[in-house]
């Protein structure tokens, strides 16, 4: 299963805002469990999915679980590719500066901290979808 | 409860297509039970709610319950006011001719069959909402 | 005699906000809750229309839902007021009826 | 090497169809199922865009879902083909991957 | 003022039950009355005692059951919606020949007439859903 | 060809389970293999034996249980999602101190790893949801 050749490319397609529905949280739970399977994992954030990465989320007053810190921990699970669509950010008046910092330590470069979030345009996102073996939609 | 003065005006606000979700069917189930309470009842069909009244629905091949005939029986339950929004029909390329005939027998006019469906424009729909006591949304 | 309209859906995903705004009567109130508060952020695609509607109808956003989604009160479209759950109750009590755009 | 995209939402209510169409690659297939078939009716607001997309990507609609919603095959936007559940299976098998726009 | 509340979605999947709970709590704290909370559609799934949410998350069923106990709230689960979704009390289980029930404390199963009655008897009906 | 199916919504409220069932049936009739059906989110609610749908409607739980029996289908209910929503088997009931269980015949409760494994082991993953 650790052989590069037998790895499958998994894409998690996140299109929904957090909190209004549970899909964002339960998508993350799959990502965490899936990390143990050592596949090639990417997360895509399209449409309202980009709101999942908003900085300074605090659900305390709404009485809900604060799970946004889990995104920040994804690097520790070897999940390092979070693709965020530029057009989706633009429509919502957001920039990458409105999103939480998500990083990983690159063991090949002296454990330097590198950003996991990569802003891509719609055409690149379409290519990303076309380049994966398994697409899990939330 | 049959005193005109104690009647409340109930509006059922139907905005969703049938079959993809259960809201249309379970909204109807409330209407049927509610009819026994002898309140002043109106049904509003806005947005995809207008698809609930499409003629010739047949869910057999999809394995679902054919409930569209219940709309036709509403007249027998004294439910006679089905308001369909014109702008919602227009956007979907529909006319009242695409909808099923829903009628009631008018006991004041020799049991003449009269149409229950009334096409209203958006401004009239807004007035309708503003003129009801209880709005049940589906 | 006014209606409190609640909108709990993202306007980017669904047509509920648009439909609600299309059916307001003069003096009505709109309360954005749950994912509906996503409409209220300055710079978003619905900022303009909410600003326009806000001149004739009062628009509110539920603060706990804004906070959950990382939207600061300073980031709201001008004229939108925030309420907490108690304020939601007051709005519902003061209105003549509540209409939910689900 | 193609993707079968499934859309199960009404385009009048949600942005799923639009988002799907914005992310197609050449040779991809789109299958409208459940409330998604509401897009396929001639004369509706999405007839034009589906006709346009249909020139570069094949578009299908699930016939049992059309029938449930009272949409006759003769009322479909030109170029949209219908399939039953077996045809859905064939499309999924023939494509390289399936992408659901929920 | 007398409120009635309708909840159309189950716990966790949609925020509807959370918002309704906080609305109800705030209304009671302000001295209002809640005539009834009616659980319809998937809302009936709020009324199962079989849930075990993660320990760092809220337990919506417990929150409702406790609010019902402390304020004598009438929590009604629609019988027709409950039958479709597998929420049973002891009576229903017996009537339907099922070997157990799962209704949570403070909830009762009854008919759709209870929703209409709530609309008639309350000053404001507030609906929470998807 | 080997399919895997993910179902994200409960029965009746959304059509997802209906469509997935008819897809699975058609695939089997064409000689394909279904490696696994994984029930996630509200999809876990397909796996309760407590449902009693109206007699003139389909019984989705029974349809799935029968398809599982006749084709040796592996129907897996996600444990984390099931805990939030009150779906229990005998083991889980015991572990969580609950007084009963409601899992339907042919369904089993297991972890999210079963979904990933299904993605790895199948040729096509097809997701049905809201």
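The first chain written gets the first letter, and so on, giving A, B, C, D, E and F; residue counts start at 1 in each chain.
Throughout what follows, a contact is a pair of C-beta atoms (placed from the backbone, for glycine too) under 8 Å apart; a residue touches a chain by one contact, two chains touch by 3 or more.
All values derive from a computational prediction rather than experimental measurement.
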Length of the shortest touching-chain route, chain A through to chain F: 1
Contact-richer chain pair (by C-beta pairs counted) among C-E and B-D: B-D
Identity of the chain that, by mean CA position, is farthest from chain D: E
Chain A-chain D separation of Cα centroids, rounded to whole Å: 27
Intercentroid distance (Cα basis), chain F paired with chain C, Å: 38
Separation of mean Cα positions, chain F and chain B [Å, integer]: 35
Numbers and ranges of chain C residues touching at least 2 other chains: 8, 12-13, 15, 34-35, 64, 84, 97-98, 100, 102
Contacts with 2+ other chains: residues of chain E: 8, 12-13, 15, 22, 41, 54, 57, 80, 84, 125, 127, 129
Of all residues in chain B, the ones touching two or more other chains: 19-22, 47, 62-64, 133-135, 137-138
Touch-based graph of the chains, sorted into line, ring, star, complete or other: other
Full enumeration of touching chain pairs: A-C, A-D, A-E, A-F, B-C, B-D, B-E, B-F, C-D, C-E, D-F, E-F
Touching residues on chain D, where the partner in the complex is chain B: 8-10, 12-13, 34-35, 38, 41-45, 47, 63-65, 67-72, 84
Chain C residues within the chain D interface of the complex: 12-15
Chain E partner contacts - residues on chain A that touch it in the complex: 19-22, 62-65
Residues of chain C defined as touching chain E within the complex: 6, 8, 33-35, 62, 64, 84-86, 88-90, 92-93, 95, 97-98, 100, 102
Of all residues in chain E, those that touch chain B in their complex: 6, 8, 40-41, 80-81, 84, 111-113, 115-117, 119-120, 125, 127, 129
